[in-house]
Amino acid sequence: MNKVIDIEKFSNKIKDGMTIMIGGFLGNGTPETLIDAIVEKGVKNLTIIANDTAFVDKGIGKLIVNKQVKKVITSHIGTNKETGRQLNAGELEVVLVPQGTLAEQVRAGGAGLGGILTPTGLGTIVEENKQKIVVDGKEYLLETPIRADVALIAGSKVDKSGNAYHTKSTRNFNPLMATAADLVVVEAEKVVEIGEIDPDVVMTLGIFVDFVVRGETNG
Amino acid sequence: MNKVIDIEKFSNKIKDGMTIMIGGFLGNGTPETLIDAIVEKGVKNLTIIANDTAFVDKGIGKLIVNKQVKKVITSHIGTNKETGRQLNAGELEVVLVPQGTLAEQVRAGGAGLGGILTPTGLGTIVEENKQKIVVDGKEYLLETPIRADVALIAGSKVDKSGNAYHTKSTRNFNPLMATAADLVVVEAEKVVEIGEIDPDVVMTLGIFVDFVVRGETNG
Amino acid sequence: MDKNLVKETIARRVALEMNDGDLVNLGIGLPTLVANFIPKDINITLQSENGFVGLGPAPLKGEEDKDLVNAGSQPVTILPGGAFFDSLTSFAIIRGGHLDATVLGALQVDEKGNLANWMIPGKMVPGMGGAMDLVTGAKRVIVAMVHTAKGAHKILKECNLPLTAAGKVDLIITEMGVMKVTNKGLLLTELNPEFTVEDIKKATDAELIISYDLKEMRTS
Amino acid sequence: MDKNLVKETIARRVALEMNDGDLVNLGIGLPTLVANFIPKDINITLQSENGFVGLGPAPLKGEEDKDLVNAGSQPVTILPGGAFFDSLTSFAIIRGGHLDATVLGALQVDEKGNLANWMIPGKMVPGMGGAMDLVTGAKRVIVAMVHTAKGAHKILKECNLPLTAAGKVDLIITEMGVMKVTNKGLLLTELNPEFTVEDIKKATDAELIISYDLKEMRTS
């Protein structure tokens, strides 16, 4: 099945108020073409779930600067001053989550788990309003699943059925997020034919992917 | 660091009463050379954690037939009649676990989680003696981590530092088990130099592996 | 009915439940046969719980690959676009609601959609393998089985063997007909013309609600 | 002390805590410098929480790879035997006790081993990133930092900023000395000869227990 669509068709799917997961780590392995399309469309009141808010001129940062985001669930906002400014000005809600916990929550959302127990955050403000569960004499926080309406991920090499290969440090949250949203779109740096990626080394499974969009620089 | 050792050195590390995780699925992706060494050594009262007990003449089945196992934690014993016979005769304790739950428990053991919440097993005898937790109005079973003294895994191609590539359907539990034991030994169908496996496609990380043993047929 | 015809009738009817683009797990045994009867205009992707999607047909003799087997340890092939993964990912797919359907056999199934297919206490204890996760996680659970065990009822008012999952079965397909699990009980929607309504009622312990719109059981 | 010398002194001393074969995560900033001073006979493997082990030095100018950066978004390299993975695996390594040590900076650290390094309420809220997992999961937590913030105490009786983790710090290394977190409080084990015991006591809010065996702070 050929899942390649053009950027306009992608853009039509993004609506005001959606919850969107976006792959990448400080912009590395982030679907820039898809983000640019959302910036251009100008939809508002988005909730973004991502490792970080990148930089003012890169990745998720562009959505923040363009004031399209009402809430962000993330582990780090320190590299984007505008996120901090909007937070302090009361313009943006920021939920800070330990990075490993965020990864587990997204995975739980995609893997049908009701949650996971982690020691991370015990004794800190992260534990506020969370259930504590003792297993084998040790205390853990119950962290619950996260899902989104849409997941936007980036692949270095993507076949037309959505199987993706993420090279080097671009993998990060991409394969996880592909499992945990109702609509999954992968931006391909390079689109290849079905069968061109060795089935042993597919990193994001095409079965999770709804659409493939060619990145602007390549593909 | 060269982690390659010979089979005698491996055999010396295995003692009576140990808890041993063994990778593979009905013998596919199972470290046969390591199992043969344990059969030859004849250590007793082992607790085995594995997907299944394979066949009477293959994989984990050989340890059962040789009466070296006192307890097995597994999802399936139907392909090995001797496991069923020993169970019915009261010679062997068998703890049956849903396959997906077993995978999560091993991962939790390796990933520092206190457990995971799964809907699998609700309303069945699997829920006996387990804590039920409600998240977002849905009920789940709390399943706790599993770890072992030793994990024995099989790799198709393994570099001398323990980075392993598992081809096709041989991957199964191998990468998970490598994270969840105090001593991790990988049997290599083929040993290669450090750097020969593309860092993008390492499936079991060498950082989890203590020793590499050459399989008897190849390597 | 001839034993092979029974199996083929069931497999053919299950195949008609598949939708284009579906991701499906077929259990070992009879359910595996379903793959042979998928309509030509329908593309489905098969998942194998030992670790891949894109399960293809058995290889030609002499072309078996020892490293490529299905969850029943039989040599198989992988189709273009398929992918291999570990057991963790395999059950994330299964438990996470990514399977459109799972097709399994049963020892017993009942009118509440309860399924028992993994043990007979004191007699046969193969274990649940992946079945509990499959039945819990798949969007649709289809039981495909011979209607009775040599005359003994398998479709019951209430299962008395240990359950695989509670209330998860959506559809039961046997050589006699097609039964839908509804909150009022089992609704017979299709009947194999080789049998009468009396025949199937007699072969079923559970109460059968006969659809007002009862149809002849399709096989293609 | 000169600012660069301060940093080098700290990094040199931290490097001496590394053991052959260790898997280590070095935080952004000062901790990153530690890699430059690892003794020649010691091999350690560096983990980068954005998704790999085998972190190598910065590439030569012109040889940067846009797809290979560290957790601070700087171009880096990977050494032979290294491997890439996703964020889930990265934090399974971190949380699962597979890291022998993590080296981080701090805003505050206290005599109970509490650490605060991720926010100043109402002022600066970068977020915890991977720090909470690192501090919770690593076998040894080493705080590497300048002793005071322009004279203001950072080593306290009790942290008053939001914590990164409670009671997890094992060792504090500053340009003034080396302090071990014990259940009796902070034990000063090494003192930089540039400073007196009085100097370091004055620069420290927490009570310092002076080791009977107080040594000169090593830098090689």
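Labels for the chains are A, B, C and D, by order of writing; each one numbers its residues from 1.
Keep this in mind: a residue touches a chain if its C-beta (ideal position, glycine included) is under 8 Å from a C-beta of that chain, and two chains touch if they have at least 3 such contacts.
Everything numeric in this text was worked out from a predicted model, so none of it was measured.
K.L.:
When every step has to jump to a touching chain, what is the lowest number of steps that links chain B to chain C?
P.N.:
1
K.L.:
Could you run down the chains that neighbour chain C and chain D together?
P.N.:
Both-contact set = A, B.
K.L.:
So which has more C-beta pairs touching, A-C or A-D?
P.N.:
By the number of C-beta pairs in contact, the winner is A-D.
K.L.:
Farthest from chain C in C-alpha centre terms, which chain would that be?
P.N.:
D
K.L.:
Averaged over CA atoms, how far is the centre of chain A from the centre of chain D? Could you give it in whole Å?
P.N.:
Inter-chain centre distance comes to 29 Å.
K.L.:
Just give me the whole-number Å value for how far the CA centre of chain B lies from that of chain D.
P.N.:
Between these chains, centre-to-centre, one finds 35 Å.
K.L.:
Between chain A and chain B, what is the gap in Å from one C-alpha centre to the other?
P.N.:
32
K.L.:
Considering chain A alone, which of its residues make contact with at least two other chains?
P.N.:
104, 107, 112-113, 118-119, 167-168, 199-200
K.L.:
Multi-chain contacts in chain D: which residues touch at least two other chains?
P.N.:
Touching at least two other chains: 52, 78, 84-85, 91, 94-95, 136-137.
K.L.:
Please list, in label order, each pair of chains that touches.
P.N.:
According to the stated criterion, the contacting chain pairs are A-B, A-C, A-D, B-C, B-D.
K.L.:
For the complex, give me every residue of chain C touching chain B.
P.N.:
48-52, 65-73, 78, 84-88, 90-91, 94-95, 114, 119, 122, 124-133, 136-137, 162-167
K.L.:
Which chain B residues qualify as touching chain C in the complex?
P.N.:
Counting only chain B, the residues touching chain C are 25-29, 51-52, 74-79, 84, 87-88, 94, 96, 98-101, 103-104, 107, 118-126, 156, 166-176, 203.
K.L.:
For a test of understanding, state which residues of chain D touch chain B in their complex under the given definition.
P.N.:
Touching chain B: residues 21, 23, 43, 45, 47, 52-54, 78, 80-85, 89, 91-98, 136-137 of chain D.
K.L.:
Which residues of chain A touch chain C in the complex?
P.N.:
Checking each residue of chain A against chain C gives 1, 107, 110-113, 159, 161, 163, 179, 194-195, 199-200, 202, 205-208.
K.L.:
In their complex, what parts of chain B are in touch with chain A?
P.N.:
104, 108, 112-119, 131, 133, 135-136, 138, 140, 142, 144-145, 165, 167-168, 199-201
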